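Here the structure is laid out as structure tokens; the discussion comes afterwards.
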């Protein structure tokens, strides 16, 4: 093919650019074959090749499919997988037939289509992993819907919540991350095939049919846009970066809760390592990787964005090789992060006693105490807030825990400062984290009944996402079925005897 | 308020954290008032304050609305705008009434809601700017739908296209970028109000009503998620980064086309600067800024992602101050980029003669010459390709332009190499860029008729986006109308005389 | 000046590009004047202007220096500060004299020189801030050189250390960060002046003299490199990013140690904020900002790197406007981070009792117990390790703290498992964190005597850095003195009567 | 070893964390052995093991060195390479001897030391590659020291330069990049060995000797700092990012110059690829990869910075696994970039005629024409500038090239506008790019004599860098020699008979 050139590729070009590209494409060899089948069907329909030629081509493609990429001896002088396949086909069928297979197309639209097919597959796979994580979150959340713990803001004890409430919040955030990943699928799911090098072609090839046989939702219409754009991959990388950051937050918090000082949770031995010298150690390293691998995912996003920064708006290696390489890294790291976090959460033991005890000690019911005075005794909120603040300060200075506050003391202070008479039983309820939680009134609160309702909603979201996965797979399979039917049709009938296609 | 604390804020805290926050929030003072009005309505409905108290509060809010932030003397000891407003209100109404305004809410849900209201406004504004750019692209594309130019791949001449085709491709890519920005609106458009500090409250406040009065599509249900998450801002920043990169590609290409050597385009004097010493110079600096400002937008995305990297999943300054600050920068830079590119394109002069001449000279019709042999004379594509490749090589070595190729020479070579007789008129047509373009057959090709069809589609997309803008603004106005009606209702009737609300 | 152009700048160009540039340069107006003085001296020496003309120019520059930028009415049509100054000078002296001031130079080398002068000043200022932080670390480290705490790895208790040891480690890391910042100064400290637009000039202007009068260490020799490169700013931004990440690590750890559960440290009220509703809260927000502002610093580095990514290697706005804008942001954020952390640490209270108690409880002396068996009783390390591991496991399962381990129990197990007789007193020492620390033998260990030695080394590093600051300031002052002497000389003598310069 | 744990590592932990780590460390197996030898020498010297035990250990290490990592069957349950090696040694020598090899050290200081040894090797290798690129630049620059071309600013023709001048400027910038890389070596070149897990040890091990035997310049003294810090890797990654951006600028410019429209340069067939369908194409893809791979290098820097963002300041996987993985990617991509650019430049053909012709046509001598009037005829610069600007404008409007300007016309205009008589020969010289270049007077100008002087300076810088490489390698070899001498010494003498060491 390199007739225009008089030198073989330089070793670094051969190794780092050509061989690397062939390796990447070999991993999607099924799609290489599929694209050739689609094109043969189109050439046949348009009468650009004869029925016999189309049949010969399809038979060799069938051979290739059975062989897999291992059956080809790649010649790096041929620059990529497509020209290697063409050379193989010419070897089988001779130049007069084999030399027609590339009519009316280009490596550029082939590569653009390959990238979108691959993106679709990988997005479905990563969504599946993320769903597994959400399901694990839901399992633990269901188990701990009523397990009292302290809710923190700014890392300081704030108000009582439950662990199920916390895990449900993270799951909801993950749900939005997943939806962004799924939308990248929708963006990817358009067909660039038929765009040629950048300017379509003079052959009457049916781009809509090609799109349908590959299960796409429609065309990337402008043929230059079709070969120049990989924005769906940047969109995907951005969605994954957001997902990785969400998980890094959960990881950070579990990491702290697993400390000796908090002692709220403990992880399975299968996700920990020992120390080579410190006999007491059991190190939750998966959480460290969850946090720091987020850096790789963000870094890959930067690499993807920079790949086509200030690059001409057309087909070039910046967009069709380096950008996808960055996103492949992003997918691989995110996949590991998701597996690590799922495994870590699945084996997590919760020390509910310590969590409850901390909540009793750390003044996190003080807001409710103020609210009690407002709600039941008509005290202005700001006045109630100040009364309780002074109570807190005095208790802290006496080095006491909040559960050492005597209800009578509150009654006394309320009378002195506000001139009102507060019922001791009311105070006792306000100081008990469990009762505080039961009394939460607003939608979306940590009251266990609300937590369970939100979990039901979260689980139904996951079921919707599972159906989405099933639908995408079914749709790909249906398109493939239609393609194979077309192939069978071409192979079955001599020229002139084609039955009408069932659709379109 | 800092009764719990015995020191004023440190000067660097006061200046960089508190004053900076108050400045940012003052810019959305209308929303500060709006949130107070909504809350007063809710407190009234729930009977947490009396009708008279609600009326007093609403009257002071009205005064605040008329005054604007300039009417407040901000005390940095009060830490933020909300406590400053509360202090002002207490100053007007006394503590017994003013001290009730913050009942059942927190700065955390206020800040979370402020951020979403602001995001909605800014997204609509940036979409409007992006639409202006697309419209300018469409105007130039329509003007040059048939202006022949060379399509390049890898910066080398490839095949004839038209300038309108190129600009249409970029507009289509921008269209996808804009849609991503709009989807960030959809993600943002849920109400965190009523989430309190992180755990809702024990007051029966109607979160759904609050959401409706602010024009949100629904709730961020889990109250911890509501105060912990700013993912819609990261989604926005990512969409803007993609948009900036798309524009950087256009900028790069225009920058090269404006060179003396290409001489394809020239820009208005209003977007160029001179040299202080080189009298001949006219420098298209807006394109340089379009390219390099993309770096700020990507950098701001990194800052936004890192802001909550490994931060606890709860309310904290990482998420509610630093993350939004990064995204505000992203919006500001993108806004400038969009304006710069729109101004640059609007005044662009195109040297169509030079573009056509280059296309005649630079062998970009050679693919069509090969295709001619395939299509009309049944030559296998690969054989045709090689015949033409050898013709190109010989012509280049004789230092000739492609329009120096004599049709007869092609006829001669075809006879010699392939044994076929080619019609000279066919060859002449294949060598004429205009006729090549007319002969493009596939959907989405650069044939002027296809270019015009795609432009119609592009323009209708823009009209859809314009309607989207109108709809969001109408929806915000309608919600505001409903809020003001509620305010009027509370103000108009004494306690016990409230008419039924018209909705809900 | 815009004689070549027939339109005023477009509003967005005027506001975002020109006005923004003039604002940035006005902040360094002293350097604007200085560069004009240097150039007048050079023009005088080379005889390009007459002595009288040089004197007239220098007198106007003196007027400008006294006036400051506030005295100029900036005309945005003049594009930048330099042409505005020139117009002012021509207004004062007429075109025949004023029109000579820009002879043999260009805005390009002026801007390149301005940027380096400004970088020098800012680097010195930020180093000073970083030194203040190290000094605060050293004060706390000295106070707590022997305050026992647990050293953690993977967030799990590992071995006893002291707080002074920990803070000293962070200070050492900061010391390396600071040194990187200082090296950016060395890279910046070369003179691009005289490079003209990109190709020097035909005037015999003495670039070495110009360099000396501005206090530079030498020339950026190649004139194209001189106007094209801002690599010292990227180097600076990278050093600051590393510094910010180091501080984020300290911030994270202090943040956790300040939790209710750890309770190791507490911060001054001046760096905390309250809650609007939770009376017990005192939130250490400065640490959150120290962590999340690191994102801005890293983002600014990305912006700086991307600014000239794929930009031509020459003078352009990418390098001379957008890149410096990114680095200015990096400096501002780092400055705030340094101040925040210094203020936070300065007011930190340490609960040494809790730190010691945790160290007694959490098995962090177990390595020393194993080491004792190895060192004093000849047991192979791995065997000792396993004996202690089994002891730990049993103790943990009985829900006991490590200080509940009876020495006799160790003696018993050693006899049973290893057949050796261990002295109970030895065991007691090995289980006491203080004695473990005293027994640390290697250089750089947490033994208080080592900690104090390292602190002395750290303090002497800081003194070296302080002298560096003093030296840079003295050097800049000396150069300025030499420049003013040159100015005085030119102003004092009529043409032909110049005394020999004192140097060079 | 995992006696404390009761489960094998989870599959994802085993594959992604443990196996990945063992793979990475196996690539530096020589250093694994070296570290064991050093430690055996230290244990022997300190009398912690007997002479016989030391000899036995050293003999097994020798066996390991000969076997290589392929000789070990890695057990993933052992978590890393060091515990696998220890298990192998215990298998050979029994637990009584083999179980002593890990006395007084930890995986943490081993890993910290491994990372620094590897960094040193890789920095030397990458510097060597960068030197090769500078040498190639120098060869082309020497060839084209006097090859006239246009110097551009803002992509518009500015003033005449030479290609050698341009390439020399880029080489100077690269020289600074290389120096930054070398400084990362200096930062890396300190020994963490002996720091133990984070707190040194109670054994009297000589850290200074260990440092010397590994060729380090000194200690990372504080043992916590020693295991917690990987800042030298971030410094390296930042230097590489700067280098990659510098190369991206050169690549961008060559890419444009290789266009059909510029036609200034052409690249070897070995670095180009063809089109699958466009017979005329020859695509310079290496330049595209040089530009877009810079994104990977910047992304890896972001990943490295984020790895320890907000991570505790101690040993953890964030710093000791994920951060180095990011930097390894940075090194690999930079290595490819350097090779690609070197190969591309080495085979570059320059069309000097086209470059000269463009310079004659494009008004780039106009500054010199103005300068002529100033220098030789005393015209104020601004007046000269305006006269020439008006001449340019008129010429451009008549669609003429600058070499169509008649000297007599200039004489005429000068007389009319300024009342002076200019010599036509002077004008002719000012309009000739070659003579303009010869007349450049300032240091560092594009006058060929200056270009050649700068090239000599550049070449001598490269020689200095080559000597630096030689010195580092010699120093590593010398240290290794000293280590092997120590090993031989221990092996040669029975206990008590050790000769005094030659040094220390």
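Residue numbering begins at 1 within each chain, and the chains themselves are lettered A, B, C and D in the order written.
Just so it is clear, a contact is a pair of C-beta atoms (placed from the backbone, for glycine too) under 8 Å apart; a residue touches a chain by one contact, two chains touch by 3 or more.
The model shown is predicted, which means the values in this text are computed figures rather than measured ones.
Enquirer: Quick one: which chains contact subunit C and subunit D both?
Expert: The common neighbours are A, B.
Enquirer: Quick one: subunit A and subunit C, Cα centre-to-centre, how many Å?
Expert: From the centre of subunit A to the centre of subunit C is 37 Å.
Enquirer: Using mean CA coordinates as chain centres, what's the gap between subunit A and subunit B in Å?
Expert: The separation of the two C-alpha centroids amounts to 23 Å.
Enquirer: Could you pull out the residues of subunit C that touch at least 2 other chains?
Expert: 3-4, 102, 152-155, 158-159, 196-197, 252, 256, 275, 277-282, 285, 288, 291, 294-295, 298, 301-302, 305-306, 308-311, 316-317, 367, 381, 386, 389, 392
Enquirer: Take each protein chain as a node, join two nodes whenever their chains touch, and name the resulting shape: line, ring, star, complete or other.
Expert: Contact pattern: complete, every chain touching every other.
Enquirer: Show me the residue ranges of subunit A that touch subunit C in the complex, using the header's touch definition.
Expert: Against subunit C, the touching part of subunit A is residues 152-159, 255-256, 258-263, 275, 277-285, 288, 302, 306, 309-311, 358, 361-364, 366-367, 370, 381, 385-386, 388-389, 391-392, 396, 402.
Enquirer: Touching subunit D in the complex: which residues of subunit C?
Expert: Of all residues in subunit C, those touching subunit D are 3-4, 48, 86, 90, 95-104, 108, 151-155, 158-161, 165-166, 168-170, 172-173, 176-177, 180, 183, 187, 194-205, 207-208, 219-229, 231, 234-235, 238-239, 241-242, 245-246, 248-253, 256, 291, 294-295, 298, 301-302, 305-306, 308-317, 367-368, 371, 374-375, 380-383, 386, 389-390, 392-393, 436, 439-447, 450, 454, 457.
Enquirer: Note which residues of subunit C are touching subunit B in the complex, please.
Expert: 1-10, 12-13, 16-17, 79, 82-83, 102, 105-107, 196-197, 252, 268-282, 285-286, 288-289, 291-296, 298-311, 316-319, 321-323, 325-326, 336, 339-340, 343
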